[in-house]
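A short write-up of the structure that comes next.
Which chain is which? They are A, B and C, in the order written, and residues in each are numbered from 1.
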Amino acid sequence: MTRKIAAIFLLLALLPGAAALAAPLSDDSQACLDCHAQATPGIVAAWQASRHAQTTPAQAMKLGGLAAKLSASAPPPEALATSVGCAECHTANADSHPDSFEHQGFQVHAVVSPADCARCHPVESRQFQQNLMAHARGNLVDNPLYMDLAAQVNGVQQVDGAAIAVTPAEPNDEAESCIYCHGSAVRVVGQITRQTDFGEMTFAKLDGWPNHGVGRLNPDGVKGSCAACHSRHRFSMAVARSAYSCAECHKGPDVPAFKVYEVSRHGALFFAQHKDWDMNKTPWEPGKDFSAPTCAVCHVSLLADGEGNVIAQRSHAMNERIWLRLLGLIQSHPHPKSPQTSLIRNADGQPLATTLDGRPATAFLIDQAEQDKRRQTMRRVCLACHGQQWVDGQLARIDAVSQSADAMVLAASKLVRRAWQDGLAQGPAQGGSPFDEYIERLWVEQWLMHANGARFAAAMMGPDLGVFESGRWPMAKNIRQMQDWLIQRKGEK
Amino acid sequence: MTRKIAAIFLLLALLPGAAALAAPLSDDSQACLDCHAQATPGIVAAWQASRHAQTTPAQAMKLGGLAAKLSASAPPPEALATSVGCAECHTANADSHPDSFEHQGFQVHAVVSPADCARCHPVESRQFQQNLMAHARGNLVDNPLYMDLAAQVNGVQQVDGAAIAVTPAEPNDEAESCIYCHGSAVRVVGQITRQTDFGEMTFAKLDGWPNHGVGRLNPDGVKGSCAACHSRHRFSMAVARSAYSCAECHKGPDVPAFKVYEVSRHGALFFAQHKDWDMNKTPWEPGKDFSAPTCAVCHVSLLADGEGNVIAQRSHAMNERIWLRLLGLIQSHPHPKSPQTSLIRNADGQPLATTLDGRPATAFLIDQAEQDKRRQTMRRVCLACHGQQWVDGQLARIDAVSQSADAMVLAASKLVRRAWQDGLAQGPAQGGSPFDEYIERLWVEQWLMHANGARFAAAMMGPDLGVFESGRWPMAKNIRQMQDWLIQRKGEK
Amino acid sequence: MTRKIAAIFLLLALLPGAAALAAPLSDDSQACLDCHAQATPGIVAAWQASRHAQTTPAQAMKLGGLAAKLSASAPPPEALATSVGCAECHTANADSHPDSFEHQGFQVHAVVSPADCARCHPVESRQFQQNLMAHARGNLVDNPLYMDLAAQVNGVQQVDGAAIAVTPAEPNDEAESCIYCHGSAVRVVGQITRQTDFGEMTFAKLDGWPNHGVGRLNPDGVKGSCAACHSRHRFSMAVARSAYSCAECHKGPDVPAFKVYEVSRHGALFFAQHKDWDMNKTPWEPGKDFSAPTCAVCHVSLLADGEGNVIAQRSHAMNERIWLRLLGLIQSHPHPKSPQTSLIRNADGQPLATTLDGRPATAFLIDQAEQDKRRQTMRRVCLACHGQQWVDGQLARIDAVSQSADAMVLAASKLVRRAWQDGLAQGPAQGGSPFDEYIERLWVEQWLMHANGARFAAAMMGPDLGVFESGRWPMAKNIRQMQDWLIQRKGEK
């Protein structure tokens, strides 16, 4: 920081004619700052450090072509000449916002939705609606099988003698579990009047708040939260592009992407060097702006070489570079056609993309041509830094590991089915949940955690995670533990 | 580094009259450096890069008001005009140091205690003595129940046929376990004479050394080690303020604070951006100096807005912002009144803040008014960057998650009690340790690890950790495993 | 980056006579770049940012003495005057490269081996061949006992009624497991002809590719991959010296070095401060260039104080500073004499450095004098920043923890042997694998994971990892679980 100040000081001394670059603030946003600089100083100071505070849409429009950071052909005319301040987002589209309320002479809403961001970033907003993530809430809460699993995870268990009763978790407890990442339904449930430093004020009272899950259902009916990755109130591209941003929801054993990254060569380079990378450049140039991919490089960002040749187009519909679903229930399978996975039904009528035995629900999944196309898109990203044999060799390994992980899940599925058939546990056919008893939970871990460890480790090139930490060893041991349980329970041997 | 040198070089070239800023070294410290620059070059070089080496207390005193980094109204007069060098700390308060020994004409002690630091930082030193951490050693070793648990963790188990005997761990083994963080008792046990590069020398021989645990009992009888967080010999505020510093003792499953931070939005911002933050500013300004809280922001640091309005006062008695104890034995409860928790007795006479059923030892715990006051202090920190509904919504969730985690521990407690009652395990009533047998260890994991995962994840806003990695899933599975064990052992079903 | 550019701009403005520092490119490498700037832009851009691109060997030779980054007394004369570009490595030693193929008029090989790097770095290359890591592949695949374990980890298990059959994993699946770090055997298996943007081309077809494991067996018969730590194509010393580089293979529960570092004071300082460290300095000065050791500081790097006094000589034979082997099968033991550990046989004829009871295979292990010498070498590194009592106290604790961990493994070994003797599991004497059944896997975890956690935590000074996360608690619980299993299976109690 000191260095920066010194450098700027010197620069100004040498270039006395240098013009100030600051963007003018709108009167409305100035009115916000008049109180909020004191009321919420952290938000204001963070925003002041943002590109939104330092650029007007009109200025941003001048960065054309690949360098464009704004996809609207015509941003709202009234917002063109001032910085993107408080009012520009929190009073936008007031008519479609049931959470809008009168506040010091303005119609204000707290919950900014992707529709608000779409005023300047319509392409990204539209793409995101095609992203599985935008549907993360519905894909969970509209799938009865997943909701049964959630109940067995979050429910409060009460021991009464030998029996265990499960009470549903409180909404405030649920909000800190699956819903935190999948997204809450934010709804206006009345008004709240409060004494503040600036007198008595009335606000819209929100249910399901706070939440910034990727699949949040906003009061305006629009899905998603851009802040999930871009983080309020600096909305830094550098943050969204850093691998850290993804870790908030993609580190646990059910989806250990960041854990894989931590033991990958890609990650080693990022962690050791990203302080010197240009995380804000557009387009983003491999090898120059960064030395190794972050999550965004492979899954989202616009990449080009030094000559301006596009390596990969930006897309916020991240599925466009993914052909295989690795964390599908029970077995891996081609990616779903629609981002709304709760609509899928397998041959056994279950809301799953495969049967327990791995037969895919083909009608709901992308075909071979689409798989090849997406694989090719990802392949081009890899080829920026790796030779063809390297890339094709690596891709073949992802397939091999997925298949062996599927086989190891199948083995566990056979064992839990034997427990059900022999009356040692109560499965669906016996009217029980398949997810509550101990032996069933071992089975759940096989596909929801262990298999994912192996698959993700191969897919994101951090194999070490998939050997002992997660993946192979836990899968191999778990099968033997389930077998051992059956032997013991049946009194065999 | 190169850049810095270049910038300084240029600055000097442009401002030829600029005065050197270095602080003069005392003669005593110069005498230390004469040998130690060669004997322990790493220590000397690290100290040379420190603020202690570059500032005199007299210079520091000029930074008054909120910017003050030194709390003494009158630092020792003899130390005012020179930098804070080796001698200023390692020869201070020689009379109260049993570990002081004659060394090249000086009375020197190796173990600098908070009483030495208090010469310039008396407020922080005094506050720290009210901190639970200062009592971390006594709170462990003076609690017979905790010591039984420690013995079942650290003791060496010997298998003899079907029986297992537990031998206490060696002191050198213990020192690398609980005691490392809780703090050793450092005592002088004689003298040691050694041949050195500078001739034969005699030193005080220390037992319990090395150690820099927060609750260390120093030879001078004072509790604590400032180096636990501030790190020798640079004593960097930036290090203590970084989340990394806390990870040394707060990452394991018994207290997974850093693990939660790693999957929180706060953490994502810190990890991605802290290279550009001003980690040394006093007071510390949210949004400007940093974009997201580190541990210190919420629990320790002096925060103010850009106008100099105080958001939170600095306190090294970290309990001042904590109302609820989340990692209390068995069940959560209001914070203890005294930092000496080994004095607490519950209704069953155990040295615990609640009974196994969760009844709090109210007389030893802060009352509702004090809880509200502390909650309010923390709330103000949150409000710097979040609206009131956001903050109050989040705080309500901490309560909800604590309650459900408590309920899930209670379920496990009922199951282990059944094992004791049915004679399947030897609990306290049967004259056994409640912590040694397999079924008892499952119970221990329920409260000491799994429940903490859920509670901490909610309290520090990294919910993902509390769903599958720790918290809910392990709690829910563990209850079923304990039930399954009972079924099996009783031969039921 | 902006700062750097500003500073350079100013420097040039003030020093108009400053000469350009760029190194000339060879004609051959220019020919590579002509196509590859477009074909693999990421590689080219990363290389352009490297020291290899910016310096000629002749320039590097001028940095003599401790500052030397190049150990050849006479690098190849034809490579002296140009930068170290594509051709300098990928066409070097063509005669010894079976993977060399004709490519646009050049004899090119994709797999650069340590023999190629040895043209300029012969000392490092030679030392590395004495490193255990260079033999990581053979030490695994030539040890039948380890290969049995690998088969029980990677093999695909098929459930058929009560029986489980194990099918060997596919090579592409194996490549993503043990072999990824231990190293593949890269062999030429034919040719491959492909349509490219530059016309049809023919390449050597490689088996075992990609791989950059430390023990890779290259087509030229030479062992190792310098890129495993130094990372293509920037070959940054800063990356290899950062702890992140080691995490790729040293983070899992079998070798949790990086996990220990993450909870060590050393790690806290690295993570918080390394952005300001000089990670490229040679020699490396403790306290000035860095404030806390990374893995390389203790195990590899050349360290000197500010006067140029050597603290530790650089060595790529990392064993030179290690006297005790902590992750040896079953029990810790003195370091092996030869890096080829598959040649070791214990008193029971097994390819292990100790018997199951811990008797060392003394003839294959370094003697006390060599142990003392290595301990002394490491001790000198510690002494740069710590006093003698500190260091000796810490070293004594490593011994104590190793011994108690060995005792805790012995307890588990006795329990698994009882299972074998009582016919409850099929061990080697019964013609079974000692690694496949559930009770055997608990035993494997005791030494391969849990004991390592305690030992590594003490050795690398991050004790917290060895208490609950790994180490003591899992070891103590596991013994009770194994005992519980025996009680249950025998129907006792």
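Miscellaneous remarks
Convention: a contact is a pair of C-beta atoms (placed from the backbone, for glycine too) under 8 Å apart; a residue touches a chain by one contact, two chains touch by 3 or more.
This structure is a prediction, so every number in the text was calculated from the model and none was measured.
Interface note: chain A and chain C, two copies of one sequence, contact each other through mostly non-matching residue numbers (shared numbers fall below half of all numbers used). Between chain A and chain B, the superposing rotation on Cα atoms measures out at 120°, rounded to the nearest 5. Between the Cα centres of chain A and chain C there is a gap of 33 Å. Residue numbers of chain A whose C-beta contacts span two or more other chains: 3, 7, 10, 275, 488. Considering their complex, residues 1, 3, 6-7, 10, 13, 37-38, 40-49, 110, 152-159, 162, 164, 169-170, 172-173, 175-178, 180-181, 192, 194, 203, 205-206, 209-210, 212, 231, 233-234, 236, 238-239, 242, 244-245, 247-249, 251-254, 275, 424, 436-439, 441, 448-449, 488-489 of chain A touch chain B. Touching chain C in their complex are the following residues of chain A: 3-4, 7-8, 10-11, 14, 262-265, 267-269, 271-273, 275-278, 285-288, 291, 305-307, 309, 311, 383-390, 393-394, 396-397, 399-401, 403-404, 407-408, 410-411, 414-415, 454, 457-458, 462-469, 472-473, 476-477, 479-481, 483-484, 486-488, 492-493.
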